[in-house]
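Below you'll find a set of structures to go through.
Here subunit A shows up in two complexes: once beside subunit B, once beside subunit C.
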Partner chain A sequence: MSPQRFLSKSESQVPMTAQALVAHVLESGDFYAAVAVHGIADARQRQRLEERLFGSRRDVLMLARWEHTPANVLDALSRLEHMPLARRVVKHRNTGGSTLKHQFSQSDDPALTGLLALHANTPAPLLLQIAMGDHDQVVLKGLARNPSAQPEVLRLLAQRFPRRFDKEIASHAAVPVDLLATLYHRGDKFVRAAVLAHKHVPEALLLQAAKSTETLILRALVKHPQLPAALVDTLSQHKDNAIRAALATRADLPVHLTARLALDESDSVRRAVACRADLAPTLMQMLAEDHDPWVRQWLGRNPMAGKHVLQKLALDIHEDVRRAVARNPNCPITLLEKLASDHRSWVRAAVAYQPNVTSCLMASLARDSAVDVLSGVAANPHTAPALLKRLVFSEELDVRRGVILNPAAGPEILLPLLQDPYYLHRVMLASSPKLSDQDKWQLRDDPDARVRFALFQWLAARALRPVADRYFYRRKA
Partner chain B sequence: MKIVVAVKQVAALDDDFEIRADGLDVDEDFLMYDLNEWDDYSLEEAMKIKEAAAEGAVEVIAVSVGPERVDESLRKCLAKGADRAIRVWDDAMEGSDAVTIGRILAGVVKKEAPAMVFAGVQSSDQANAATGMAIAASLDWPHAAVVAELDYQPGAATARIKRELEGGMLQAVEIDCPAVLTLQLGINKPRYASLRGIKQAAAKPIEHWSLGDLGLDATQVGATAALSRVRRMEIPVKGRAQMIEGTIAEQAAKLIEIIKEYKGEAA
Partner chain C sequence: MNTILVVAEHRRGEVRPVTLELITAAQQLKTAADDRVLLAIIGQEAESLASQLQWAGVDEIIACKTNSAEFEPELAEQAVSALIVSRKPIAVLLPHSVDSLGYATAVAVKGGYGYATDVFKLAYDGGALVATRGGYNQKVNVEVDFPGHACAVMTIRGGAFKPVETVAAPLLTVDDRSELSARSRPLEFIEQGGGGDIDITTVEFIMSIGRGIGEEANVEDFRELADNIDATLCCSRPIADAGWLPKSRQVGQSGKVVSACKLYVAMGISGSIQHMAGMKHVSTIVAVNTDPGASIFTIAKYGIVADIFEIQEELQAQLA
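Presenting the complex of A and B:
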């Protein structure tokens, strides 16, 4: 099919106002488009949309569990009577706070409390109410893990049930600093480790933990940016591999310890060393000879690795090491040219994703038969538009998706993909700012409901934007 | 020559659902329907044979037993390139078991006289893995189950297949044709229907056959003819299983605590 065909305007024009868009949907009777525009409809239109959406019990049940159902539709659903919807609505991640509150006040289903305790949108007073009154340990554990739980909730749980949820509370981002200290002092080693892993752990606790001999505590401590300097040297000789490996990742590791850890008997420690940005050339050369391929692989990915080290690793017997070199952002072009003809497609694919590849090399990679390589060429922003135009018609959907994900692919390249057989590609394009609304309008009759929903959701969001924004957006597009 | 592909529209369940008042099945309002995943592979295998042959040499026919909603799944088969689609239904077929469905599908096969019949190894909702074999039994045709590789030339007297056995073993088999094969997932890479294919499929007719078209009567199908009947459907009572969370050391500590509790020792 000729690409020119896609450049022609669709027969009808995209409705430019919210009212016109909803009117179009009402006329078409499209169920999924109705879900998408429900939030921008006026009261009269909304009533007609709801007649369409809530016409059958089966549709209502489906909407309450469909992952894309927006908050406003879930709210409308929650007000329907004689429907087994409460659990579904409360379980739905898009349900808003006021809807959750309404469900909690209306339903006597005991399971709802547990679901509300877990929900990210449950209003703070409701979470506090659960923390104050509930006794179910499973519910309260879920509450302690809820990222939306505020400090008062955590404090209350720690008071009502000392030690019961201490580890969950210690791991929570919102835990107050003074509570961390309380939890540390009354906790076992697991709770203490969780406290030490917290980014707001008080320095006094770090100093206290430095005296510990408990491995679990030291593992948490060694990852902390404010590790007491005196401890760094001591821990570099600790018998636990995980402690030494964590130490090897620290930016403040003294040079002499880096050299010592580069000779460590544990592979995991040397792997961590191989990633360091401050490796001396002699250490790099030594690690390039390491018997563990993962050490060599991480060294190959290290942007600070020198040309000679990369040249050596590019000849490695393990393909993953050669691939790591090909992925290195500082890999010289001469080396990339060699790796582009590697006998393993996995290595050639890494070259295809490299932003430094010349257009000549990219043209050569575009003739490759391996799908991984072609996907890399398709996704590379430096690939020539002429090559991308060819790859749009690839048989392999991974290659076509590469073009869609390519930040440099313009509308003239993407337009044919509005006809892509794979629905997810059409969904991606329905939400792409690179295509104009008029180009996307051809998706209004798409056979896949998810595509139509994505299109009308995009258009509904556009309808809510100020007119000036829309004008400038169209000009840019 | 013809290849008949037996397909099924399967039901998927959400995690909260209700069982029908008669207790024999899930309330249909809680079910979502789609083409059985295995059948997607069967259709693709038939399409590969069709596309490798001369144009018009192979006709692929998708066949399903079920009510009107099944047309949606058959349209998918047409959109992917099936030449014809047949839906067989009569209210008397309600309650048919796998053997009875096999008998109904065998009736279609007798009328169409294909060189091959493909079916999925099993359906994702009922998992009887019986329909393909029941077709073969009704026809008294050679059959092979769990086919992972197929080498077949249209019109050939035999086909070479590899069957998937326990532990990843493959069993190479030569089978006389016509035969019934049940195909395993992964035998190929099913295609997505093109938009053009979907639009064309919307205009293609789906043939609706009834009992009379197959030379069957109501006594040979449905619940009365079925060799097995659903007595009750239930959600099992939850056991006392508990997920032990935390680090390996924490999990070990918790296990010790539980063992001590069971042994009556102090924690």
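Presenting the complex of A and C:
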């Protein structure tokens, strides 16, 4: 007889409040669960959690570099007086703005300023302060690239150091329009190309650039939606293949130019043409015969490709072309049925992932032996629950994961996977909204720390809302 | 002086690359300058195959000639057992492969040797050999020692050790075992259909895509780029899970270790620990990511903080 462990009621039920959850973690002494619940603990509990978390130098260092360490723990780490961790904390991507600000006020380390200039969470006033005062070129270059940099920061950099960071500023999403013009006029061809590639480039600059003979400038120009119409025809005969290929992707390309580019000598140009939604049937028939497999492949994926074209491509010698047909959202079911028995598993797998496959076809694919095909069946929301219940016990972990990822798989199918030998599957289920907290509670003693962390993180997030509501309610009262 | 015996694996006249990983593992077990690494190759063509085994770190190649052209577990078992008796190694390293599992257990049990399978780490603890392997369905790592055994037979997990790269000219000894006979005889070899996809553990140049790819149509853009630059396109787990690339192209803990890769271009891969487990050993890693704080930059030799689509477009334009 197997040994049994009887659980007391408090052990077997999920703690319902933040306080009870933290109390459970404190009692268990689980390090990773403590990290997860730190954010919902009250002041007294937090102090006890920190005694557990920051008890050894090794743990502190590990926490400062662990990718999952939450912002509140990083903030607590940054305030540890006996152990300076400023660089590690500032380097961490989860560190919040207030912690970064605190670090900046506490330190005059130039390396720290460089890290702050790069950090996406650095508050805007701090970035502006760095832009005003700093002289280090590496720091300022990082600042010009920081996606959180405000227009004032970019303007200030452009004023303080003309031409030095123009390429970075011109590529920044927040660059003011008037500054783009300034950068264009004083910049070299690389800066000009960056300005022209910007989605807010003024039309006047496009007209100026149209007179350029520089290939780099024209490559940037040809992608712009506001390209002057007169230039479209000229560029379709440009000697640079990349310019013609980019032109072939334009939605406003006249029909006669599409036909011309479909006969282009460059494979890359014809590939771009094959993706177009407005191809005439004759052009599609022609491209279906193209010697370049990639042209045929892009055509096979084209949702506007007609039935006859798809039928022809479904017999292609290249498996990637046949797969492209099987992935086409408008592939007829009769073709999918043929492709489901293709001799290459990668083609059959494409059918298995198709949303418009019949249940009969899905049942036949479920008998396949290839892991890619079975993974597709497992992940397909149209697969019958009875099939999914069988696939849960597949020996292939990829197939079992397919079931976990299946949006239609309900709790009755997923429950056995809480015992899955692969830790990642248990991590995924610990954060799954499909399973009840009570079901997941069995993972609290999981041998893998990542699973326990995911579970307590999920429970802490759930417990956070009532705490916040109570706080709001009390304050209002 | 200790002796470590490595058994090479070969198929259709070619030594399998995993053999080179075993040589590295054996080198790690050497504790004294006069410790010896012996590399045995078993089969009818053993002598001619020995020319493919001229690697640094091997002191002696033993071409163990048998009378069978194909791999036969019983002959391998008898040959390895005889070598253990005559050469007295402290450790016998075999690949953790279907071939080895066909005879390694029998060698260990019949000889009364220590035995561990799927070993991915080897070390000494106070002079005692300790092997690390997965346990409880890979939920935990288990350290195994072999008290009371003069020799331990171990199958080594593929990709766990970096393949040896330096050539040398070890001593060659021919050991004629053509008198060995098996109690069974293979009648026919039937080729498996299989997926037929490329084996990513053997390729040298990989371009890999991750979550940053966004949608399936973009995968095709990168496949085209990889084709154009003669790279093999691989991926992180979410891409394979979405069915956008075959599982055989997945790099990482739940995928494969790209043991032969020399250049790895990571496009839009943040660098989870699980992914890095499959590629962090690569000597040249180029990472492209918009997030300067992405973990992948901690192991990259060259880092580009940029949009992967811009890089892809630019490379395509250059190639066009």
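As a working rule, the second predicted complex is superposed on the first by the 452 of 477 C-alpha atoms of A that agree within 3 Å, B and C clash if a C-alpha of one lies under 4 Å from a C-alpha of the other, contacts with A are read in each partner's own complex, and residues count from 1 in each chain.
Everything below uses one rule, namely that contacts are C-beta pairs under 8 Å (C-beta built on N, C-alpha and C of every residue); 3 or more make two chains touch, one makes a residue touch a chain.
Computed from a predicted model, the values in this text were never measured in an experiment.
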| request: Based on the superposed arrangement around subunit A, label subunit B with subunit C as either clash or fit. | output: clash
| query | In the superposed arrangement, which partner chain does A:R88 touch: subunit B (first), subunit C (second), both, or neither? | reply | first
| field | Partner chain in contact with A:K167 - subunit B first, subunit C second, else both or neither | value | first
| message | Tell me the contact category for A:P447 with respect to subunit B and subunit C: first, second, both or neither. | response | both
| field | Per-residue contact with subunit A, leading partner among subunit C and subunit B | value | C
| What is the contact status of A:Q297 with respect to subunit B (first) and subunit C (second): first, second, both, or neither? | second
| message | Per the contact definition in the header, classify A:R58: touching subunit B only (first), subunit C only (second), both, or neither. | response | first
| query | Of the two partner chains, subunit B (first) and subunit C (second), which one does A:A120 touch, if any: first, second, both, or neither? | reply | second
| task | Have a look at where A:Q419 lands relative to subunit B and subunit C in the superposition and call it first, second, both or neither. | result | first
| query | Does subunit B (first) or subunit C (second) touch A:N241, or do both, or does neither? | reply | second
| query | Of the partners subunit B and subunit C, which touch A:D109 in the superposed model: first, second, both, neither? | reply | neither
| said: By the touch definition above, which subunit A residues appear in both interfaces, subunit B in one complex and subunit C in the other? | reply: 397, 421-423, 447
| subunit A contact footprint on subunit B (complex, rising order) | 14, 16, 18, 28-30, 32, 191-199, 202, 246-247, 249-250
| request: Using the touch definition up top, name the residues of subunit C that touch subunit A in the complex. | output: 136-140, 193, 195-197, 216-217, 220, 223-224, 227, 240-243, 246-248, 253-254, 272-274, 290-295, 305, 316-320
| note | In the complex, subunit A touches subunit C at residues 67, 91-93, 118-120, 142, 145, 147, 219, 240-242, 245-246, 266, 268-269, 271, 294, 297-298, 301, 320, 324, 327, 343-346, 349-350, 352-353, 370-372, 375-376, 379, 397-398, 401-402, 405, 421-424, 447-448
| field | Residue ranges of subunit A in contact with subunit B within the complex | value | 57-58, 61-62, 65, 84, 87-88, 167, 190, 216, 397, 419, 421-423, 446-447
